[in-house]
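In the two complexes below, subunit A is the common chain; its partner is subunit B in one and subunit C in the other.
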Partner chain A sequence: MRRTNRKTNDVILQTTVQTVFFIIVIYSVHLFFSGHYTPGGGFIGGLMTSSAIVLLLLAFDVKTAASILPVNYLYVTAFGLLAAIGTGIGSLLYGMPFLKHWHGPVHIPFLGEIELATATLFDFGVYLVVVGVTMTIIQTIGETE
Partner chain B sequence: MSNPLVMLPLLVPLLTAVLLIFFSRKVVLQRWISAGASLITLILSILLAADVHANGIQIEEIGGWKAPFGIVFVADMYASLLLVTSNLVCFAAVLYSFHTVGRDREVFFYHSGVHFLIAGITGAFLTGDIFNLFVFFEVLLMASYLLIVLGGTKIQLRESIKYIVINVVASALFVITVAYLYAITGTLNMADLSQKLSENGQSGLLTVIAILLLVVFGIKGAIFPFYFWLPGSYEAPPAAVTALFGALLTKVGVYSITRVYTLIFIHDKGVTHEVLAWLAALTILFGVIGSLSYWDVKKIVIYNIVTAIGVILFGVAAATPAALEGSIYYLLHDIVIKGTLFLLAGSIAAVAGTSQIKQMGGLIKSHPALAWMFFIAALSLAGIPPFSGFIGKLKIVQGGFEAGHYGMALVVLLSSLFILQSMMRIFIRAFWGEEKPAPQKGVIKPVLFPAALLLAVSVLYGLGTEFAAPFITQAAEVLNDPTIYIDAVLKE
Partner chain C sequence: MFEWVMGLSLVIVAISTLMYFYRLVKGPTVPDRIISLDAIGINLIGITAIFSIVMNTDAFLEVILLLGVLAFIGTVAFSKFLEKGEIIENDRDK
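Take a look at the complex of A and B:
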């Protein structure tokens, strides 16, 4: 993002970001999964994740951040939409009304019985869309000369 | 009872729009997907209309939640017919855009935008929940922001700013109005709102909200005095986009006004419907003045949108069975014919190299097909008997006389004359006379087909009124008697 020839020394910023990045990402994942019973959910989780990536952008530059996370965020948005619409169409395929959600205990190896809901898949779609849209906006504006 | 067929006309364009994001670089593939999906949506909406015709109002309770608590999609005949015509225009506009929009726009998600637009329109027609209506308004507006600015020419940038500012203000007003409505009634489901109002009466506050909603939808649907944003904004984008906008976007506003003024706010007609009638008459007047005062093909057709909106809304305001039926006839006719006219106007501007009719002339020698199609479309727009605009206007005027609005009904009648004059002026100046500049030959062959498709439907609609009549009658029944709608949504 910065276009000066003078070499600056961002050692402290970059080292801090390398640690803080993971903490923010874990917090955003926590927010995402806590959405059903406590405040949180896909929207705020997605914003938090993208804020972590924005921190990477600030500490390094657009190219480095893109090489760390080589993702086309447009596709992230599209996949998110597909996930959200897919949960609705899935219920249509089972002869249920559109977006009829299902939840119940599921047995997962090592973790045991866990209450899972298909609404989480919808939320995951929201999460991806938010990350994709935010990052597309920021990257597009950041790269515009 | 849920019927998944109600959701499909919404889901197909939505999924298509998302899928097209993945193929943004492959223009040919995009075109195939886009046209195929529009055709499928058109077929699905025809199936839906047939289903509604056979089995009455179809509803889909989203997520399986019952009506006042969950969101319901309601397909009555009125909404289904609008879906069929909108998807028809969308299909034609997509075909038209293959040769006119250009690769530069198509790689930047033009087709995605079109399908998001049609998804928003479909949702707005089908939803039975007033906040959901707001959401779908935003879906279609966001898509229209993309389509209006896509390409980034100077005029597009300037007009899109106006368009966005106006619509953001209108949307904010919409949210505020919905908030007032919710504070008073405690519900947002349209059928439930209607029932609550018929039980508790329409207090003064609710009448104020009715007028506020008229303002909101009036800004979206370009009625007097809120149409000022429309002429500039609709001139900026390419012809295919203008055809979509002119045929569909304002009609969503008209549909919403019709829906709330026939379903919910029906207990104080002396105020609400009187205001609507006056605004409709003034809309006709100003639309006519606009269409007579310009020498620009696009501008003339754009002002004819305003006139037509006035005519349709006058039918709603008169609120007699004949007038409501007439406004449905006219609305369906107007969607198709405005689509046709914008496609033709785009072709005229393309072959003449200008949209100023004073600089055109003699196009009929080099482009006879275009000329005669335009002639038929113009007659149809003005409401000459064998064509489609006639029956709607006849019934609207009849309803206007029945309701005692003699002066305004005369305005509707006279407007036909001036519409005809404005269209014939294009015909005479552009097609007759000496050939002025050397017209460009051959460029319109492939793009005439979608316009011809729409025109054929329009002519058939005019000639086959007998065939369309049972559908229109069924649609008008629901508008005349809201209890049919309420029973379908709230009681099983």
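Take a look at the complex of A and C:
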């Protein structure tokens, strides 16, 4: 970290955020994957991920957060919509109606038989759209130049 | 007996929240109000926990951690606004 003459010293806040950030991200991933059987899902998982990034923006600044996560959030939103539409179109390839979902056991090497559902891919699209839209709004408002 | 104890603790937490609400309305300075809002959030966590015990479900356990995270983020944002005047800086080295 560079040594500059800052006006205030945020060492407690920055150290706390460096720890808490990963806890919130892990919790949001847990919320995302637990949405099928327990409360949670793509929406609240995306909101928790974006609140972790907001905490990063609060403790540091826009430039540092952009160097930690070099992501254009408009592309994140677009890719999320693409994933949601792609799961809908994927069912058309099998002669099923649009957005017909499928689930069943899948054999994965090293992990064995796992019950997977294509609804998770749709939920992943929702997750990416929520993260992208929330971070776009907050970054656009936050950049006061 | 158990239900009675849970009801009593709910009443105690509710009274504590009302006292924090008094400090929220009456508080002479802005930091008083921020601290009381933070504590009301923590009291909400306690109320949610007691309610999930009373209703005998674990569907609200996500809400507890969620409220903790949101109370922390809100308090940090308010404090930064009071200290620096802006919440999200463009470049803190300037």
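To be clear about the criterion, the second predicted complex is superposed on the first by the 137 of 145 C-alpha atoms of A that agree within 3 Å, B and C clash if a C-alpha of one lies under 4 Å from a C-alpha of the other, contacts with A are read in each partner's own complex, and residues count from 1 in each chain.
FYI, contacts are C-beta pairs under 8 Å (C-beta built on N, C-alpha and C of every residue); 3 or more make two chains touch, one makes a residue touch a chain.
This one's a predicted model, so the numbers in the text were calculated from it and none came from an experiment.
> Given the superposition on subunit A, are subunit B and subunit C in a clash or a fit?
fit
> In the superposed arrangement, which partner chain does A:63 touch: subunit B (first), subunit C (second), both, or neither?
After superposing on A, A:63 lies in contact with subunit C but is clear of subunit B.
> Now for A:20: first (subunit B), second (subunit C), both, or neither, which partner does it touch?
The second partner, subunit C, only.
> Calculate the angle at subunit A, using C-alpha centres, between the directions toward subunit B and subunit C; round to the nearest 10 degrees.
Taking the centre of subunit A as apex, the angle works out to 100 degrees.
> For A:78, using the defined touch cut-off, is the partner it touches subunit B, subunit C, both, or neither? Pick first, second, both or neither.
The first partner, subunit B, only.
> Per the overlay, which chain contacts more subunit A residues, subunit B or subunit C?
C
> Given the touch rule stated above, what does A:51 touch, subunit B (first), subunit C (second), both, or neither?
A:51 contacts subunit C only, not subunit B.
> State whether A:92 touches subunit B only (first), subunit C only (second), both chains, or neither.
first
> Looking at the overlay, what does A:100 touch: subunit B (first), subunit C (second), both, or neither?
first
> Look at the superposition and give the distance in whole angstrom between the closest pair of CA atoms, one from subunit B and one from subunit C.
In this superposition, no C-alpha atom of subunit B lies closer than 23 Å to one of subunit C.
> Considering only the defined contacts, which subunit A positions touch subunit B in the complex?
Residues of subunit A touching subunit B: 74-75, 77-78, 81-82, 85, 88-89, 92, 96-101.
> Where on subunit B does subunit A make contact in their complex?
Subunit B residues touching subunit A: 2, 4, 7, 11, 14-15, 18-19, 21-22, 24, 60-64.
> Enumerate the contact residues on subunit C facing subunit A in the complex.
59, 62, 65-66, 69-70, 72-73, 76-77, 80, 83-84, 86-93
> If you look only at subunit A, which of its residues touch subunit C in the complex?
2, 4, 6, 8, 13, 20, 24, 27, 31, 38-40, 44, 48, 51, 54-55, 57-64, 138-139, 141-145
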